[in-house]
Structure formats: C-alpha cells, structure tokens
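Submitted below is the structure of interest, expressed as structure tokens.
Chain IDs A, B, C and D follow the sequence of writing; residue 1 opens each chain.
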Amino acid sequence: MLWGIPPGLLLILGVLLVPLLPGAWRKAYMTILPLAGLWALAGAETGVFYTFTFFTYEIAPVRIDGLSLVFGYIFHIAAILSVVFAWHNNDTVEQMAGLAYAGSGIGAVFAGDLITLFIYWEAMATTSVFLIWARRSDSAFRAGMRYLIIQVGSGVLLLSGAILMAHQTGSVAFDKMTLGNLATWLILIAFGIKCAFPFFHNWLPDAYPEASVTGTVFLSAFTTKCAVYVLARGFPGTELLIYVGAAMAAFPLFYAAIENDLRRVLAYSLNNQLGFMVVGVGVGSALAINGVAAHAFAHILYKSLLFMAMGAVLYRVGTVKASELGGLHKSMPLTTIFCIIGAASISTPLFAGFIAKSLTLSAAAKDGYPVIWLILMFASAGVFLVSGVKIVYFAFFANDGGKRCKEAPLNMQIAMGLTAILCVVIGVYSPWLYSLLPNDVAYEPYTLSHVINQLQTLIFSALAFALLIRFKFYPPAVNSIYLDFDITYRKWLPVLYKWIVSLVSPGWKSMLQDLRNGLHRMVAYMFRHHGPEGILARTWPTGSMALWVALLLGGFLLIYYS
Amino acid sequence: MGDWEFIVGHYNYWIAIFLAMTGLYIVIARGNLIKKLVGLNVFQSSVFILYISLAKVEGGTAPILARGIDIYSNPLPHVLILTAIVVGVATTALGLALVVRIRGEYGTIEEDDIHSQDESM
Amino acid sequence: MNGPKHTSASSSSGEKQSWLDDTQNIDKIFWGVIFLSVILMLLEPFYYKKPYFSFEGSFGFYGWFSFLACAGLVLVARSLGRVFERGEEYYDADRNSGEDNR
Amino acid sequence: MLLAHLPALVIVIPLICAPLCVLLRGKDWAFIVALLATWASFACSVLLTIQVMKVGTISYAMGGWAPPYGIEIRLDALNVFILLIVSGIGSVVAPYARNSLLLEHIEERAYMFYCAYLLCLCGLMGVAVTGDAFNLFVFLEISSLSSYVLIALGSDRRALTAAYQYLVMGTIGATFIVIAVGLLYQATGTLNMADIANRLPEAGYTNRTVIAAFAFMVIGAGLKIAIFPLHQWLPNAYTYAPNIVSAFLAATATKVSVYILLRFVFSVFGVEFSFVSLPTAIPLLVLAVLAMFLPSIVACFQTNVKRVLAYSSVAQIGYMVLGLGFVSVAGLTASILHLFNHALMKGALFLVLGAVFYRIGSCNIDRMAGLAKQMPWTMAAFVGGGLSLIGVPLTAGFISKWYLILAALEKGWWYIVVLIVVSSLIAVVYVFRVIEAAYFRDAPDDLVNVAEAPISLLAPAWILVFANFYFGVETSISVGIAERAAQSLMGAG
C-alpha cells in the first residue's frame, strides 16, 4: 500500500490531478501512477487491512492473498501498457476515464467484502462507459448506453444478491459461495453478465469495437478479467460453470470466422478465451485455478497486444473492416510483426498463451471431462485460426486494398513492443509466471509430447486455412452484420413495446382527460363558494355575524342542557 | 316556589333577558350603523341590570358607611357596573366617531349602501 | 515460430516490390506448410503421447482433429453466415462501420 | 425593591407612557418613549419568566390588598409565556412603526398612534397577568378599544367599516364574558379566578348558572379568538389596518383570547367539569377542523396577500383550538406551543408585507409579481416565514405541527393526523402562490426599479424570521415552558 492508500483508490484519487497537469507532465504522471501502484503492491504482505464495521456488517476494503495478487500485478501492468499506448491521445476525458477504470478494476480485485466489491463494480461500469463515448460518434453513444445499462444492471443484481446474503447469513464477506439459494444465484448472474456468459455476452462484441482506439485496449483488460477473478474467488468448482465455459469457448468462433470488423473478431475471440477460464473455474482444482490465473495473466497481455495492433491500423487507416484492408505489411511492417507475435502467443509454444492454457487443458483432462476437453481442443484450434491467422492475413497480407499509411506512432510501437517482449519472456521462462500463481502445483509445460501435440494442432489448422484460401472456400469478408442474441433486446423488444403502447395509450389518455376535467370542476366549485365573491369570503354584514354568535350560543346551551 | 312565584320572583332577571334579546335583535336586524350602536347599548344595559339585581339585599339600603346603617346591599356589583358603564360609554363614543368618519367617507351610514359601494369599487 | 505467412525481415516500406508480391513465393510458403505437416505426422510414432483419453492415443490425433475442426468451423460458419447476414442498417442505422478514427 | 413590584411594573410602564406620548406631541419623542416602554416591558417579562421558571407561581396583590378581595396578579408558566410573546412581539414591532407610518398619511398624528399602541400592549399584558376575572374583562376592553382605534387608522376607507364591525363584534364578545363573570360571581361570590375554582365544587357542577356562565364564556372568548363561524370580522380588520397594526394584532390579540379560554376552561372551571360533564370537546374539535380547512381554501383564492394571511391566521387558530380539544397534556402543549410559533410566523410575514407595501404601495399579488429580483431580502424573509407557516422541518411551524400530530397519535385519532397534514398542504398552496408570483413572474412594467426596503423595516422582519428558524431547531425554551404550562393547567383542573 503506497502511503497507506488502498491499491485501487490510489489510481482513482490520482486521476483527480490529471486535468491539472499540462502535456508531457501529464503523460509522465499517468505512467508513474500505475508503476508506483505496482511497486507498492510488490512489497505488500498478504492479509486483510482497514476493516471497519458498517452498521452491523464487517467491511474489508483491502484483502491481499495469492489469487488477488496475481490479478493485481497484471492489472497494473495492463494499466501501464495501455497508458503508454494512449500517450499520443490527449483527450482528458479518455485519459481520466482510463486510469479511473483501471483503478476501480484493481480495487474490485482486492475487495474483501461484497459491499466494497459492489462500489468498485459500479465504478468500473461508469468509468468504462466514457471510453466508449470518447469515440464521440452517434453509434458509439448508443452502444455505450446499451453497455452501461447492462453493466449497471449487473451491479444491481450484485447488490440485491449481497443484500439477500447479508440478510440470510448476517455477513457480507466475499468468499466461496455455493449455488444453493437465490442470493448466490443473483450474484452468479451478476458475475456472469460481466464475464460475457452466453446470452449475456452481447455487450462485448457490441460495445468494444465502438470504443475509441485506445479505449478498447483499456476495456479489453479489466472488466472481463475482473469478472473471471470474482468467479474464481466466489464459485470455484461449480459444475455448472464447466458447461457454461465450454459453450462460451465454442459459439463465438463461428461469428468471429465470418465477422468483417476485425476488432469485433477480437472481441468474439476474447469471449472464447473467457470460456477457457470459466471452464478452469468450473473444474476448480488447484491446478485449474492456477490455470485460470495464468491464462488471465497471459490473455490480458496478448489480447491487448492484438487490440493495440488493430488500434494502430484503425488510427492510421481509419477502418478495421477486413473488406477494406489488406497489404498493410508494406506500410506498417513493425505493427505486422507485433500482430504476428500477438497471434502466435495465443497458444504457440515459446509464447505466453501456450504455458497458461495448457494448465487449464490438463486440469480438465485430469478431472476426466472428455467431451469438455474435446470442445476446448476444438476451440483452441479454432481461435488460433480465427483470431490469429485471420486477423494477420486479412489485415496485413490479403489482396492489396491499395491503402497506404504511415507506421503506427512511436508510443504505440513502444507499447506493443513491451507487450510482445512480455509475451515472449513469459512463454520462454515459464517458472516466473508459475511462481506468481496462488496454489503452488508442479507443472512442466515443455514436455516433448506436449510441444509436438501443440505444434501438430497449429500447423494443421494453418493447413486448413491455407487450403480454404487457396481453393476460395473461405467466405469473402463482406460489409454486413450478423445477428446475435442481442436482436432480442434491440429489435424485438422495442417493436413489442411500441405495440403495447399503441394498445394502451388511447385508454390511458382518456382516463387522464377525465381526471383533468374532474379537477377543474372541483376547483371551479371551490371558487364559487370560497372565491372573493363566495359566501365564505364576502364581507358579511355585521348583523349576520351577530346572528351567528347568537346561533352558536344557543347551540352550545342546548348541548349543555340536554 | 311554584311557577308563578318563579316568574314573578325573578322579574328583574326577566327584564335583563328581555333587554339583552332586544339589544341583540336590533344589532342583527337593523342596517343603520347608529341603530346598531343603540342596540349594543341596550344589550349592555341588560348586563348592568343583571349585576345590580345580584347585589340587592332584602331591606338593604344604599351601601354607605354611616352610623345607624347596618343592612346595605352588596357594594361590589355596583362598583363593577360603574366600570362597565364607563366601558360602555367609551365603546359608544368610539363607535359614533367611527360612524362620523364613515359618513364622511361613504356619504351614508346604511350598511347595505356601504357594502355595495365597497363591492363596486 | 511458424505460421503460414512468413514475412521477409528486410521488407521495405513504400512502393518497392516486397518479397511476397510475386505468386511464386506464395506457392513456396504453401508447399512449405504442407511439408511441415507431413513431417509432424511422421514424428508421431517416435514419442510417447501420455494420452489421458483413449481416442487421444490414435495416430496423429491432434493433427487431423484440428484440421477437421478448423475446416468444419469455417464451412459451418459460412453457411450460418448466409442465414444470419443482415445489411449494415439493420438496427436502424445505429451501427456505423467504424470509419472515423481517433 | 423594584424587583418585588415587577409583576405590576410590567403593566404600569406602558400605561404611564401612553399619555406621556400624547403630551410629548413631537413625532420623534413619542416614538422614543414608545420604543423604550415596549423594550422595558419586554425586559421585565423576561425577568419574570426567569423568576417563574425558578420559583413557580408568583402572586402579587395589587395595592397590598390580600387576594380574594384585592386584585391579584398571578403568574404561572402559562401567563408568563403569553406575557413573553406579547411583549416580545411588541418590542420587535415597535421600531418598525417609525418608518412605516410615514407613508400611511397618519404621520402628523403619530403620537396618537403610539398612545393607542401602548394602551393596546398594556391591555393585552394586563389580560395575561391578572388573576381577577372582572379585571380581566376591563383589560380586555382596554386592549379591544385601543385595537379598534389602531385598525381605524388604516389608509383604506374600508378600514373604518372593518373597525366598526370589529367594535360591534368585540363588544358583544366582551359583554358575553362579563355576563359569564357575573354569573360566576353569583354562583361563587368571588371574582378571584383561583378562588372561584376552589368554590365552584360547593356551588355544584350541575348548577344551571355555572353551566350558563361556561357557555357564555366559551362563546365570548370564541368570538374574540375568531374561531371559525365567528371569524368574519378578522379578515377585513387585519387587511385594511396599517401594516404595523395587523402585524402586532395578528401575532398577539387572538393569542391572548386563546389564553382567556384556556385559563377559564382549564383553571377556573376545571377539566373534569368542562370536558367530562359537558360535551365541549366534540364541538370544539368540529369547529377547529372546519377552521383548519375552509379559511385555508378561501385563502387560496384571495388576491390581496394580507387577506391571504388573515384567513391563514383563522386557519392556524383552528390548530390551537384543535390542540385544546384533545384535552390531554400533549394536546395542550401543542396548542400553547402553536401560540408562540404562530406569533413568530404571522408577525414576520405581516412585517414583510409592510415593507412591500412601503415600496410598491399595495399588497396585491399581481402587483407583487417579480418582486424578488428587486427586493430580494424582503421576499427571502417572506419565504422564510412561509416555510415556517407550512411547517417545513427546521422551522418553528414544524415543531408545533409535530407536537400536534404526536398529541393526535397519543389519542389514537390517526384521521386527525391526516387532516392536519392535508390542511398544511393547502397552506403550501397559498404560500407558494405568492412565492411563485414574486420569484417566477416578471415585474409589471410600471414597477421596474423598486428599491429594497429600508433597514428599519427589514431588521424586525428578519429578527422574527431568524426566531422562526432558531425556535425550529432549539426548542428547549418554547417546548419547556409550554410543557410546564400544560401540566399546570391539566394538573390544576
């Protein structure tokens, strides 16, 4: 803890100074802040700090243990890399939103109880939406709005679950939960929304491609991985998650294969990778949880690398539509290399992805889930084809779209370079990452059989891709969108709503009209009696006043004597 | 004490009640401001009679401290009524002053005319 | 480090002809990939695969499984695509094509 | 030595200074004398309050005559509280007179005004302090007569008819009270209120004279209080009177009459007789509820803001009588508390209207449109007073409404609570009408450059507004005294 400030809050409060600093100072300050956070985190010892009681509930804003430390480190690293990537961009809103978003993500990871978690959860939602709105286009605004509704909706579910749990168990501590009652179901659904479970996943492919160039890099790291962390913390070993994870790993690939907007392809492949982590959480064994942490660590790196590459293309060329790109390797050679490293490190040996994902795969295999393991194999082959090869091929090598542009700006190259180096280093020297993992389980990724199996998988999926391209079976990238589950709430629901309104409104209007008339009549009636000319307000002749006195006296006497 | 004695025995109270009712009636019924004041006076005089009749002691003379006078009617109500009379006079004087001013302003002292003038204004 | 496309280290930016431009080099890469896959299949009997599951032990399982997986994935995706494809303005023009850049 | 005669001094000071003002003739001298007189009497009443709070009931024989025969001044928690209100308002309103009279054409006879003002103050304080029934009638007549004069000084010619009507009704009311006192004297043979209370049981509570006396007293006091059906004289009187007079009378005159009713009904006749053997509670409650609603609705339709406030006074009196009708310590506390709080509210509001009248020459709501921009301080004071009238928390109004509701709940009459709340909502309507006009409409064209009211008018208004908020927050004094008074009334009954 730097000067006693909890890790997440350090960034969030630090953001307040950002607008005050001019140009270069601001960029330096924004980079040093997460660095300081990382350095403070490195020294921190595990335990629960700053606990206080809020009404009768024990609040533990900072809890540091093996699992949260790993996520804490990677979140800080991701924050640093994203800030470096965004050096060229001096839109204050985006800078502040980005850092605050990273801060709230880190805060959520270290939250020890559901209430602190809820606060950071909401903070993440509200700060991240500005990264989408920073694009300042109408569709970005609308996508951001849908994104916000879904994220805040997840926050509300989390809160209601927390309240129910506090009511039932009397404590809001955030630890392993079982799916028995409504409270934990609500909390699971809340985590599921942010972890892009099937049917809740649409905000991911809908909002991420709409965010700004640098915004998506921030977005890709925190929300989803924080959701994975809370799932790993709250629901390890829940059988249901294995099947949900498997589904998540499979279906996005189909969309990614035919999708035109390359950042949307990456978003779908992000969803697919989350599937791996969710399966890991579902299996729940020590090895699996290690796998989840390692995979999250590696995935943040190579996914943000890919998003950076696509961001650079979008920044230079102005579009990431596969149908309009191609042949950029000539004008952006460095970005091409980084993109290839990013694609490779999805699961190629000697890169980060390989050593991380193999943990999950072998955990699944060890615990005897053949079908799940097959789906995961299908998914890992597919994801290499779709987000690895397709992105690189269509963006940089396909038929020349005739677009020429300068190389990505220097800060982008630095950021991508650093991320690439990290991917390679972690891939090559795996014990470093394994030392960071929560449970210490001995696992050797680089066995001969494992390497060859992995190479076979990759080379044959590349073969499939080459044959499909050669014989023109690969669907041409065409400028259209493909319907997803979100058609329900973006098309059918509005139509239904309009239909209901058209039915109800005539009745409603007439009812309102009657009400208004009734009111007017009443006021008019009141006015006739109480208005200036009314009997009650007119200046009475003295005689009638005296009459009233006599009447009242008579009345009282009658009552008293009766 | 039979009904007849009851009525004859308390004839002064009956007079007081009669005066009070006529006074009130005049105030209620008459529109002329001065007549109302006269009615008010009649009403107050009924109070005076009520108090005085309280003070009467059988066979008592006027309450004067002098030798030879040992039975005298109760002096207290008399004194109270002195004050009440002063109050009555003051009220009537003020009322009449007001009527003079109203006559000056409105040109009439009939309450209905005054009322209509105010309404029309 | 392999992948179907192998870029030349010395490609220069600007209009100069890059090594990849002539189709002859692309064929070389294509056949390189096929050659690599054949070698890997041949290596199969020389190492013990420690399979967890029975089907994992079959000959060259990882190779043909991933080939079929990818090919199937793309073909199914293509047919599904035709069913779910809609014009850009489907959600009443609220999804632009990501034109403007930051 | 002087402190021993403090109870008498409180009345004597204004009584002596009144003729003094007339002799001095000069406008400034008369003002100074009047000011000093009111402040002196306020100081005396504060000292008396402290004494009573320490010692309990003080009894002072006027002229050395022992109580049952001589006139006695008895001061217990209730008297001293009323004394405090009357002299407090009197002292705050007095400096106001200096400026507001200049305009209202009575400037050359200002000394007459100060004399009547002091007499009225002396009469009201006399009623509050005296322990003798007939003496109470005399002081009541003194205050009434001087208030008729004060009202008749109004600039509008309708002030004369209003004063005349108030005279007639006031005299009828006072005569009813004197009849009641006479009948009580007949039944008990004494005029000292405490003595009457002791002797009434022998006279027998089923004695017709006592019942008749009670009826006359209730109606007489009711007429002076202006309880609902008998309130017709009040609106014209307060509307057409000069602003300082309406401010002073609205805050004190009706309060003293409520004191008379409280004193007679609870101390003299006793709770057991007044409310148990005779069914007085129900009619009083009915009249109170009517008073809370009908005048408020009328107030919503008035165009002259002073008339709005006059009708609102009738409604607020309904609250006091409501508290009285509960016949419980909590009810009485609420009623007595409302005496105090209402005096603050109405005093402040009428003073504000005085300032408005001083600048734009009318209190018509349309003429007051857009006034907030030109007279921000004045209208802010109006908003302060208005909030207290509505009973917004942190104001004195809220406290009295709060205790009223507590009393109603204690009796279990939750529908009364609903009625209280609804009538306060009506109060919101007529207060907001004025605020809306002043703040949200733009000024009529001929009233564009209106200067802010002078300090001498604003200071008293703002003092009362601050008092409203002070007693809305710091309630120990007001509730403390009201509680003791209520206990003493209920206990003594």
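Just so we're on the same page, a residue touches a chain if its C-beta (ideal position, glycine included) is under 8 Å from a C-beta of that chain, and two chains touch if they have at least 3 such contacts.
Everything quoted here is computed from the prediction, not taken from an experiment.
Here the two chains linked by the largest count of contacting C-beta pairs are A-C. Chain centres computed from CA atoms place B at the largest separation from chain C.
Measuring from the averaged C-alpha position of chain C to that of chain D gives a distance of 95 Å. Centroids of chain B and chain D (each the mean of its C-alpha atoms) stand 28 Å apart. Distance between chain centres (mean CA atoms), chain B to chain C: 120 Å. Annotation for chain C: no residues touch two or more other chains. Touching of two or more other chains is recorded for residues 539, 542, 544, 546 of chain A. The multi-chain contact residues of chain B, meaning those touching 2 or more other chains, are 24, 27, 36, 118.
Those chain pairs judged to touch are A-B, A-C, A-D, B-D.
Residues of chain A that touch chain D in their complex: 526-527, 530-532, 534, 536-537, 539-540, 542, 544-546, 548-549, 551-553, 555-557, 559-561. Residue ranges on chain D touching chain A, taken from their complex, read 161, 164-165, 168-169, 172-173, 176, 208, 211-212, 214-216, 218-219, 222-223, 229-230, 232-233, 235-236, 278-279, 283, 294-295, 297-298, 300-303, 311. Contact residues on chain A toward chain C in their complex (touch as defined above): 89, 134-135, 137-139, 142-143, 209-210, 212-214, 253-255, 257-258, 261, 263, 314-321, 329-331, 333, 336-337, 340, 343-344, 348, 350, 362, 365-366, 370, 373, 377-378, 381-382, 385-386, 388-389, 392-393, 397, 407, 447-449, 452-468, 470, 473-475, 478-484, 490-491. On the side of chain B, the complex with chain D involves touching residues 24, 27, 33, 36-37, 40, 43-44, 47, 50-51, 54, 76-77, 80, 83-84, 87, 90-91, 94-95, 98-99, 101-102, 105-106, 114, 118. Touching chain A in their complex are the following residues of chain C: 1-5, 7, 11, 13-14, 18, 20, 30, 33-34, 36-37, 40-41, 43, 47-50, 52-53, 55, 60, 62-67, 69-71, 73-78, 80-81, 84-88, 90-91, 94-102.
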